[in-house]
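Chain naming follows the written order as A, B, C, D and E, and within any one chain the residues start at number 1.
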Amino acid sequence: MIAIHVKKRLGAFDLDAGFEAPPGVIALFGKSGSGKTSLINAVAGLLRPEAGRIEVDGAVLFDGAARIDIPVHRRRVGYVFQDARLFPHMSVAKNLAYGGRHDRDRVIDLLGLDTLLDRRPAALSGGERQRVAIGRALMSDPRLLLMDEPLSALDAERKAEILPWLERLRDEAGLPILYVSHAASEVARLATTVVVMEAGGVRRVGAVAEVLSDPAAVGMIGAQEAGAVVRARIAGLDRIDGLTELALSGGRIVLPGRLGQLGTHLRLRISAQDVILAREKPQGLSALNILPAEVTAVDEGPEGAAVGLLCGTDRLLARVTRRSARALRLEPGQRVWAIVKASAVAPDDVGGAV
Amino acid sequence: MIAIHVKKRLGAFDLDAGFEAPPGVIALFGKSGSGKTSLINAVAGLLRPEAGRIEVDGAVLFDGAARIDIPVHRRRVGYVFQDARLFPHMSVAKNLAYGGRHDRDRVIDLLGLDTLLDRRPAALSGGERQRVAIGRALMSDPRLLLMDEPLSALDAERKAEILPWLERLRDEAGLPILYVSHAASEVARLATTVVVMEAGGVRRVGAVAEVLSDPAAVGMIGAQEAGAVVRARIAGLDRIDGLTELALSGGRIVLPGRLGQLGTHLRLRISAQDVILAREKPQGLSALNILPAEVTAVDEGPEGAAVGLLCGTDRLLARVTRRSARALRLEPGQRVWAIVKASAVAPDDVGGAV
Amino acid sequence: MTDWLGPEEWQAVRLSLKVSASAVAASLPLGLICALALAKGRFPGRQLLNGLVHLPLILPPVVTGYLLLIAFSRQGPLGSLLEPFGISFAFSWTGAALAAAIMAFPLMVRPMRLAFEAVDPGLEAAAATLGASRLRVFATVTLPLALPGVVAGAILAFAKAMGEFGATITFVSNIPGETRTIPTAIYAFLQMPGGEGAALRLVAVSVALAMGALLASEWLSRRIARRVAA
Amino acid sequence: MTDWLGPEEWQAVRLSLKVSASAVAASLPLGLICALALAKGRFPGRQLLNGLVHLPLILPPVVTGYLLLIAFSRQGPLGSLLEPFGISFAFSWTGAALAAAIMAFPLMVRPMRLAFEAVDPGLEAAAATLGASRLRVFATVTLPLALPGVVAGAILAFAKAMGEFGATITFVSNIPGETRTIPTAIYAFLQMPGGEGAALRLVAVSVALAMGALLASEWLSRRIARRVAA
Amino acid sequence: DLLVFAAASLGGPLDRVVAAWEEQGGAEVTVSYAGSSALARQIAAGAPADIFISASAEWMDDLEGAALIGPGSRRDLLGNDLVLIAADPQAVPVDIGPDLDLVTMLGSGRLAMALVDAVPAGQYGRAALESFGLWAEVEARVAQSENVRAALALVASGAAPLGIVYGTDAIEEPRVTVLGRFPADSHPPIRYPAALVADADAEAAAFLDFLSGAEAAAIFEAAGFSVPWTSQPDEKVSP
């Protein structure tokens, strides 16, 4: 359990944010300047709140009323800063080992750091620097990981390599992560809980599946980024075509790639733009994934309609034009076919809460 | 015309890159550490090549053989650095005006800087800093803009506001831009030319439409990011539903939002994952955009097949599973229906080369 | 206060302030140039310049004074050079300022140099891409960011100039109203039987003045630092 | 070289090196503490400490020597405190080192302080989040990053110690082999008509030694700076 | 206006003589006090001094050799004597002669003197000790100061138990006890020669004469100086 409540005035900016969340990855989502960095600075102990309480897994890091304020170096938070903050006078190897050598070889391997070990930070590219910073935080064996837009300087391929590892950290090591990101796809893959911030306050808190599949939240998250997250079981593997068949509560879909062991569970992000709706079951499509669903809500915005769907017990989200919404007579209770081109898919373990 | 050829040894890293490109936005694409920053540093004059030649619109900025090396401050390059590099001792207003006051009010308005003008950089958030850095470079009225991952620290909404402005700069002001990005969607929207870098060298150069719609380039660009770029004319506006009807060379499609004036031309990125293929024309779909096309190439990879399509005179790209490819008997010459859920769409002017 | 310091002592106090302030003001441009050259320059003879700048620190002050005396006497190499222009440092307060400036020079240059070295070259590069010439980069980025160090150097030099004695008395003697600064006056008192009381009074004044300067510099640097970093 | 310097002069050279090196080595820990306290500390009396550290720079050296003499004489406040422990600085090379250390102290502290102030607090914060205690942050981040300034301060202090004269001779007098450093020897030669030649030979030795130290410090700082920044 | 370069140890009484001169309507006199060596070098470098009063004959000889002083204007203005002083107020006076057991008296302490090679007071003291054959045994025990006032301070502060200084120095320092006076013949006569600087004018000559006059003599004697010329008035020379 993570419970954070902080009050702090910064110039004209008022940080007054509070939320509670189960362990896992807590995604901090919000516009530039909404107070995300300030909030995790308070958790790290780098910003002293005027009042409030910060508790992580039973350990009280700060309590204004009880005058508890654990010093930074005893908080055991691994912090990946928005600017990498590598020690310029140490080699990459020394930087990595500064906070400890926890899981060293795996971290180096995962982040592709082996050829960089002897270099100084000044001789690294922007992305290389950020990878070293991530490795350094991981190797310090923290009880809480704070990540401030850690992947934005990385290329897609490297991102795709690192995300599963973060997922494993969350699930296997049970490491809680406070994660700032502007990319909903990252959030959807990683987050257990989503915290939406605005102007220093918390505007919305909830489980990732709930927040991301809520048509009313599309405005907050951004139309391009909206999309539901569902849980699926691996029901079949097609070795010849390299496909994985997944069982959702409302039907089966097939995705490219071998996504895991038969019988294990996955988390699946289905972007709202990747869902096409039909009144009649379509035939002969390249998309093999056609699920029956019921419309639960239609939220019309200036650029289209966000449609909430119930598919079995899973909530999905679709974005359609207003013309389509009318043509298909979309309204709550209406039964439709959802055609899915699933894009970002993250293997997730059985234990992982969705 | 921009012609860049540089050779420079940096420790164990060998930069030896060259390309020529028409004016417009040249996107530098490549993995972390491939030499993108080093290359634009050479263009800015911050890194002196051992040999080579750099020419921008007829002005020779560097010529190793002719011993020409224009000093940085006379090159008139606006550089948005990967780290913002704001002057810490100046207010935001002073930072902005440092290089000039070109188009000041519009820049401030566009970037949402008006409330920040009196602040010091230390009191800015990461995204705010980057916005100020962009504004500062724009206001110096450069003849060439260098942007090193300028938008990665920004939230989706702000990105969506800034991209059209950069497009306008490119088109109205004819300002050439060298743009480093990891996001293919940004590249697709902005770029005229795509330069793919790898290990210090240029692996591929070409017009954006050509590189992005080439099935063989999917591996270089990343499966998630691949997608074609086409040119379209606004053929109809639906004020009631907020839709725009676009005429492509191969048919008409409808997109949400009012995208411009009737008769003007747009650039349209159609992500490979947003294209669904069918043998028969589907009926009753929420996706209203169904185009006839001919398969030109099928490039099978481990996780699926990249399918090149010719739709009218436009090249499209689709990603399908290998099973679908077989089920639909996709092979060059085969006629199919392409169902399009266009996502990132950028208004583009008639004059803009695609 | 006027009671316990005689008119001659007040004269020494005023003169010391004038000499020290002039010494710092006059040597500041050269100090900045030297500090900048040492911090950023890559030229042959850099080490020599560095050594030269530090020489007054290493030499016993009396030796420096002696060398100045030889160099600036009417027949001396510099004295004869300057004489046609009517410039003479000999036995005047300007000479005292020259001696103080030279003695304080290394103390002025070191902190400035360190401050210049600490300025992020990335910011200077950014300024250059915005069209700023070298001079403008220096005036608007390098210098302001190094200002705490520059102020520190100037005040340190002022404090040293206020206390300089050996070189001054050797070069321009101890002439009341002209070259008799506080330290030379203290020296004269200490040489006189029973002069300790007067000497201690002047020490107190000297300490008060220099502490005032230091406090002012602290306050200034902190203001500047806040402007620069916060 | 042995021809043109007599055995007594060689003795002075060796002694000067010993005194200056000891002065710097012994005052280094206190210098670091003071610099750190002035750079990062926020405590009452900070300004007072700052003033105290600078005092030797402001006072004419002879006055500092007098004050040391009074403080460390057997009846003096510090002398009587130390006497039971058998510690005495009077007329010994340790006294010369004490005088040199005090005179050089402000020069040691200033550059160190500036260097500590220039260390990015963001890096220190990063070290703390990695579990480093204050002490470890200092030893592994702050100090290494400030090392060019620390070395600069130490070498500057060494150079000053090599040239210190007024306070030393006043405090511990001039005893050949014990407290007769190079500057005292130079002073003695300059007091005698015709002694200039011998004085200048010693000046040359003194300059050579201190320049050597400066060059070494430059080389060292550049090595360190390369380690730190490149 | 007159500029006088005078040895620093003349400070107090010379100021009083100047005051007396100005009271009588003499031209304004400015005195620059410093070490004799520094002053002599400055005069050699062309300092605008009118009169030089040195604490040692050597430096005056030097200037005279270089023809930098007014011919015939040199005179021995003042004399002084050497005393042995002690820090201990209870110390009993001793006989100063070859039997003086300085080593025993010093115990583990040092004998404070001015620089024995360079500063006049130290040179005189060393000559005196040599004349008694004492120098060899005390040489290693001598703490040499930059100037004689610093040697006095060493004794006054208790840092050194004994010291050799001028009689004029001992007079005004209550913390030291005079143990005895060195016989005048144990060292070269202690003289403060004065002279006009080469191109000084008549006004300077007048002041030099005033310095050598009875009124000045009274002031100097009150400060403990001897006035050697009072016994040889005809050696006075006017330019």
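General remarks:
What we mean here is this: contacts are C-beta pairs under 8 Å (C-beta built on N, C-alpha and C of every residue); 3 or more make two chains touch, one makes a residue touch a chain.
As the structure is a computational prediction, the values presented were derived from the model and not from experiment.
Shared contact partners of chain C and chain E, listed by label: D. Of all chains, the one whose CA centroid is most distant from that of chain A is E.
The geometric centre of chain B is 57 Å away from that of chain C, both derived from CA atoms.
One finds 20 Å separating the Cα centroids of chain C and chain D. Taking each chain's centre as the mean of its C-alpha atoms, chain A lies 60 Å from chain C.
Counting partner chains per residue, chain D has residues 62, 66, 165-166, 187, 190 touching two or more of them. Of all residues in chain A, those touching 2 or more other chains are 83, 123, listed in ascending order. Chain contacts: chain E has residues 35 touching two or more partner chains. Chain pairs that touch one another are A-B, A-D, B-C, C-D, C-E, D-E.
Contacts from chain E toward chain C in the complex involve residues 3, 5, 8-9, 11-12, 30-35, 38-39, 41-42, 44-48, 147, 149, 168-169, 171-173, 223.
In the complex of the two chains, the chain A residues touching chain D come out as 44-46, 71-79, 81, 83, 85, 87-89, 98-100, 120, 122-123, 136-137, 140, 146. By the touch criterion stated above, chain E contacts chain D in their complex at residues 35, 37, 40, 58-59, 61-62, 110, 112, 115, 117-119, 142-146, 150-151, 153-154, 157-160. Across the complex, chain B is touched by residues 122-123, 125-134, 136-137, 140-141, 144-145, 227-230 of chain C.
On chain D, the positions that touch chain C within their shared complex are 47, 50-51, 54-55, 57-63, 66, 106-107, 110-111, 114-115, 117-118, 148-149, 152, 156, 159-160, 162-166, 183, 186-187, 190, 196, 199, 203, 206-207, 210-211, 214-215, 218, 225.
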